[in-house]
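In this document, chain identifiers A, B, C, D and E correspond to the written order of the chains, with residue numbering beginning at 1 in each.
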Amino acid sequence: MSNTPVIEIRDLHKAYGQLEVLKGVSISAEKGQVISLIGSSGSGKSTLLRCANLLEDSQKGDILFSGEPVEWKGSGLNRRPANQKQLLRIRTNLSMVFQQFNLWSHMTILENVMEAPITVLGRDKSETEAKAREYLAKVGIGDKCDVYPAQMSGGQQQRAAIARALCMEPEALLFDEPTSALDPELEQEVVKVIKGLAAEGRTMMIVTHDMRMARDISDHVVFLHQGLIEEQGSPDQVFGAPKSERLQQFLSHSVH
Amino acid sequence: MTCWDVISDYGLRSLGFGERLLPRDDFTICKQVVLIGSGMIWNVYFGTVALLAGFFLAVGTAVAKASANPLIRKPAEWFIFVFRGSPLFIQFFFAYFAFVSLKGAVPALGGLTAAWLGAVIVLFLNTAAYSAEIFYGALMSIPKGDIEAADAYGMTGWKRFRRITFPTMMRLAWPSYTNEAIFLFHATTLVFFSGFPSRGQMGDALYYANYFADKTFNPFVPYPILACYFIILTLIVIGIFGLVNARLNRHLPQQNRGKLRLRLNLIR
Amino acid sequence: MFSYCSDPSTIEGLKWLSCYLTTGKHISMYWSFGTVLLLLAITAPTALAFGFAGATAARSRIAPVSWIGKGYTAIVRGVPDIAFFLFFVIALDQLFEWIRHEVKCPDWTDPIRQGNDFVVCTEAKLPLGNAAAWVHDTYAFFLAVLTFSIVFGAFAANVLTGAMRAVPRAQIETGEAYGMTERQTFWRIMVPQMWVYALPGLSNLWMVLIKATPLLFLLGIEDIVYWARDLGATKTPKFTDYPHGDWRMWYFLALLVFYLCFTKLSEIVLDRINRRLTLGQATAAGEAQRKAAA
Amino acid sequence: EGHSVVRLGTEGAYPPYNFINDAGEVDGFERALGDELCARAELTCEWVTNDWDSIIPNLVSGNYDAIIAGMSITDERLEVIDFTENYTQPDPSAYLALADADVDLSSAVIAAQAATIQASYAAGEGMTVLEFATPEESVAAVRAGEADAVLADRAYLAPLAEAEADLAFTGENVLIGGGVGMGIRQSDTELRDKFTAAIQSMKADGSLNALIEEWEIGELF
Amino acid sequence: MSNTPVIEIRDLHKAYGQLEVLKGVSISAEKGQVISLIGSSGSGKSTLLRCANLLEDSQKGDILFSGEPVEWKGSGLNRRPANQKQLLRIRTNLSMVFQQFNLWSHMTILENVMEAPITVLGRDKSETEAKAREYLAKVGIGDKCDVYPAQMSGGQQQRAAIARALCMEPEALLFDEPTSALDPELEQEVVKVIKGLAAEGRTMMIVTHDMRMARDISDHVVFLHQGLIEEQGSPDQVFGAPKSERLQQFLSHSVH
């Protein structure tokens, strides 16, 4: 059982109209594993996460959660998830932090964080509130509970989005550049949080531009280039001894 | 006859209380103001009942129109199309006709041919259709990110609707919905003008304004009085809807909200 | 119309109907469809212009201009169109004649108001007393268009004001940050972006405008509803060659079909405009960007 | 000349006084009368139709010069406009009901056109009045059983009673209005006098009576 | 003349309602100088840039451009710039890259870049187009000219926003986290561009969370903490020998 990957993606293809963004990507993440996705801007990292969460329909390939393949209907550009129940089950076990945060603008930060646990998981309200406040404090914005997203700085919004994902306490988490708007200090906090989650056995896929962080936290690093996996391996392999020329060039710009 | 007497005589004339006969001579401004004001009771009644009831049908219909299931979507589309696509007075005409025949078949449904019930039903369906289209439009323009985040957290169906979709939909639809509410109150003047008969000279504001215009042959007094009443009514509607709007938009940054409040103050 | 129609009492069935439907009165009705369409075609852009002017005035920095804009929207929007039509056209007509009177007959000593009568000099009459009938009709039509435009312009102003406010602040702000003048941010950023937000409201307004055309008869225009009422009413043999009972039902049904068809057509066109406007923005994310849900 | 063309305002929906004929032109008793009066007064005339509700305001505002629309001469109207001499006798109104119905007028529901002399008469008599926007609808209400009887000008109802077997007059005629005359602006005494003179001359040579008989308007002079 | 600072901020105060965000900040930037603003999330960095660009009204303090002070009317919460002409003149000489990019959503990328030079500076259209394409190529999205912002990845949008600012060729530039969505490779490109601009004599103020970049490019580093300047100096001083405890702590998290 422990060998069944929590998230497995097999030969995934995705195009926006004519533009082929993913051209056959396979990744598998086992329980408690942290996988980092790196790659240059526009290489399809966000798209991959969105496909994994079934927010975008992919045209070819399989996605499996704990060994259970997503059921599809239709094919090609008309391929859609077939089973609503399954979709729901998958998504409640999978939280996402968006690159653009996507906080619900009509709710305060606290409400944003409490919303899904209460309405989706049916958790107790006062318990959830306590937990939400705890997570918000953990990411350092415990004093901003009753503020609306539009009144917060970029970094504060990003941290609220992280707290919202954490409060679901899901099996797996998808982070799209979770520290892009954070200073090094806060980044370290987030890294700590992620490590804690991994220790609890949660699976994570993280898109990041911060090579230091990728090296720091991941068990496995995937380098995406033009819609394909150019290279992957342990952080030491990937950062220490990159094989492909493209990756070497990519890494040459970041100093560690 | 002082103006107080006029008020006690005609203040509730539109409901059948007070003086049996309408004024026949000496059409003072006071009489015109009081009697037209009395008629406003009907306009307010028609508008309020239709609006409140119509809101719920409209939300339901808007959601139905957005449904992927054609069995749900098609009836909603047709309902909106027919009621939004035809003039109100044609709806009144056919409704009255249908209600009269229905009354012949089922005497218990006699109330339908009276304005207080029949006209309200027509107005209710009419405003529901218009509002449904507005809500549907708003539903279609909810920020993608909001829905996406809800999806990603496994919110669906009723939960997603009630917590994410509905509040945002209301916020986006509210300005247009305010317009629709105003149109509805204005449309209530059509009830006796070209819809249902008025009984025992009990009518709405336009009925009495028309009466005075017909007696004095001077349209420049009763109709502006009517206009003033409606401006006041409209301002009240705008005021109430403005309060709701402020609540719906409480998350917007301060300066934007300040602007809105300032605007309402000026109109008030 | 047809040669066999000379004695309608002798013909029956389809032949009778063909004669009946081509009487001069029916032809007048068919023309009135054109009148309604023409009115819509002229009123829509004019009302939009009024609305745009009203909305722009309302957000002006200069207080009196802004009051005029706000007053116009608040007052005209407050009055039911029927009530407006019942006295406003006459007032408008008198206003024009009064202005002409002041210009053309400065030596006139008699009062303009004589008791109940409104009397201007002969040269000031609009149109002139001996003008041809079509001039009178055109003038009445022009007044109707103007009145409709003023009324619906107020609602359009309201919709446009809302749309202007819906354009995300950040977008305007960016223009300002690049040194655009208020005028430039208005025309280059605000106006192009506002249509996406304005279109639903304007579409609704267009639908309401179509539905308001039956009120044309209040403005002295013989519109389709006027004719449908008249033609549908019970006709006794004494006054017509084509007597019939209460046929209003059928005439109104025909109107219903006309209005539904016209609405359908409008929806198709508006849908197309909407698709063009949201081009490229369809998949927009964030509070500003909207998308037609799949 | 100020009156080079005299515009005559009428409603065009009230047979036999005035209506639009099959050809789409104004027709009826008043069309014939008006054309004849204009000829006698040596005026060029033009016909205009106008909604009944605003027919007087448009006259005083100068949009046409005379009303010839079956308008009874009443004191109320005389306060606002002038009338020529009447060209019909006081015009009786009548009740029309279903032929087989036994109507007790004192307790009946009476249909009438809104804001007409008949509507206020019936209300004054203590009857329950149902007011409709058009005369056609008030008759339709009787057919549908919504009202027990309709009260309107007898001249308007007579052709209907004749054409439809299930409708019949009931009760007595009532005399509500005065005679019918042409409405003229109060400031326009010259035109009023011209038309009055023409009407008098038609009365004198019996041509008016001939017209009244032809169109079955009512009593002769 | 060359000693007059291009941008000078003196004792600036700014509050949102009750929340005091800037409590008296003074900064001056001379011609060709690159100033980095660092500080933790919510410390008021974005607010400072927005005040400098006169997008937010500040309540107290002076802002001077090339020695010319901004004229104010009113005071306290009602203080506004008094002179529209001056405002415009200042802004045309000052370009900003926003933290949330704020690309105009109704224009294609190329149009976004060409807009301000043409309408504000009245530049020639075809010349501007050539220049716009050049700048877009420089930031690596020359192939995305005719795409709308909503169809681009986060990093692509950010680069478009940078190209838009560059195409104005202003005297001074304000960057709000210009590399937050960029991978290290692209970041280096941007650093190169910024250095080039400085060499041309353009003045820049840059908010960044990337200490390496701050050290790399700036002549002067300002550390903002809770609305006040906690410490400032040359990069070597600030990063090499931080004096204040708060700054030491802040820097301890970033490795160089």
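Quick note on the criterion: a contact is a pair of C-beta atoms (placed from the backbone, for glycine too) under 8 Å apart; a residue touches a chain by one contact, two chains touch by 3 or more.
Here the structure is a predicted model, which is why all the values come from computation and not from measurement.
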Intersection of contact sets, chain B vs chain D, gives C
Chain A to chain D, fewest steps along touching chains: 2
If I average the CA coordinates per chain, which chain comes out farthest from chain B? E
Maximum centroid distance from chain C, chain identifier (CA atoms): A
Taking the mean of the CA coordinates per chain, how far is chain C from chain E in Å? 51
Could you state the distance in Å from the CA-based centre of chain C to that of chain D? 33
Which integer distance in Å separates the CA centroid of chain A from that of chain E? 30
With chain centres taken as the means of their Cα atoms, state the distance from chain B to chain C in Å. 21
Note the residues in chain B that touch 2 or more other chains, in rising order. 143, 145, 148, 193, 210, 213, 217-219, 253-254
Please set out, as single numbers or ranges, the residues of chain A touching at least two other chains. 100, 102, 105, 150-151
Where chain D touches two or more other chains at once, the residues are 53-54, 57, 60, 80-81
Residue set of chain B touching chain C in the complex reads 66, 81-82, 84-90, 93-94, 97, 130, 133-134, 137-145, 147-148, 175-176, 179-180, 182-183, 185-187, 189-190, 193, 206, 209-210, 213, 217-220, 223-224, 226-227, 230-235, 238, 253, 256, 259-260, 263, 266-267
Which residues of chain C touch chain E in the complex? 170-171, 173-181, 184, 188-189, 192-193, 196, 279-285, 288-289
For the chain D and chain C complex, residues of the former touching the latter: 2-5, 7, 12-13, 15-16, 19-25, 27-28, 46, 48-51, 53-54, 57-58, 60-63, 80-81, 134, 136, 139-140, 143, 159-160, 162-164, 185-188
In the complex with chain B, residue positions of chain D that touch it: 53-54, 56-57, 60, 76-77, 80-81, 111, 114-115, 119-120, 123-124, 126, 128-133, 137, 141, 144-146
For chain B, which residues are in contact with chain D within the complex? 20-22, 24-25, 100-101, 104, 113, 192-194, 197-201, 203, 207, 210-211, 213-219
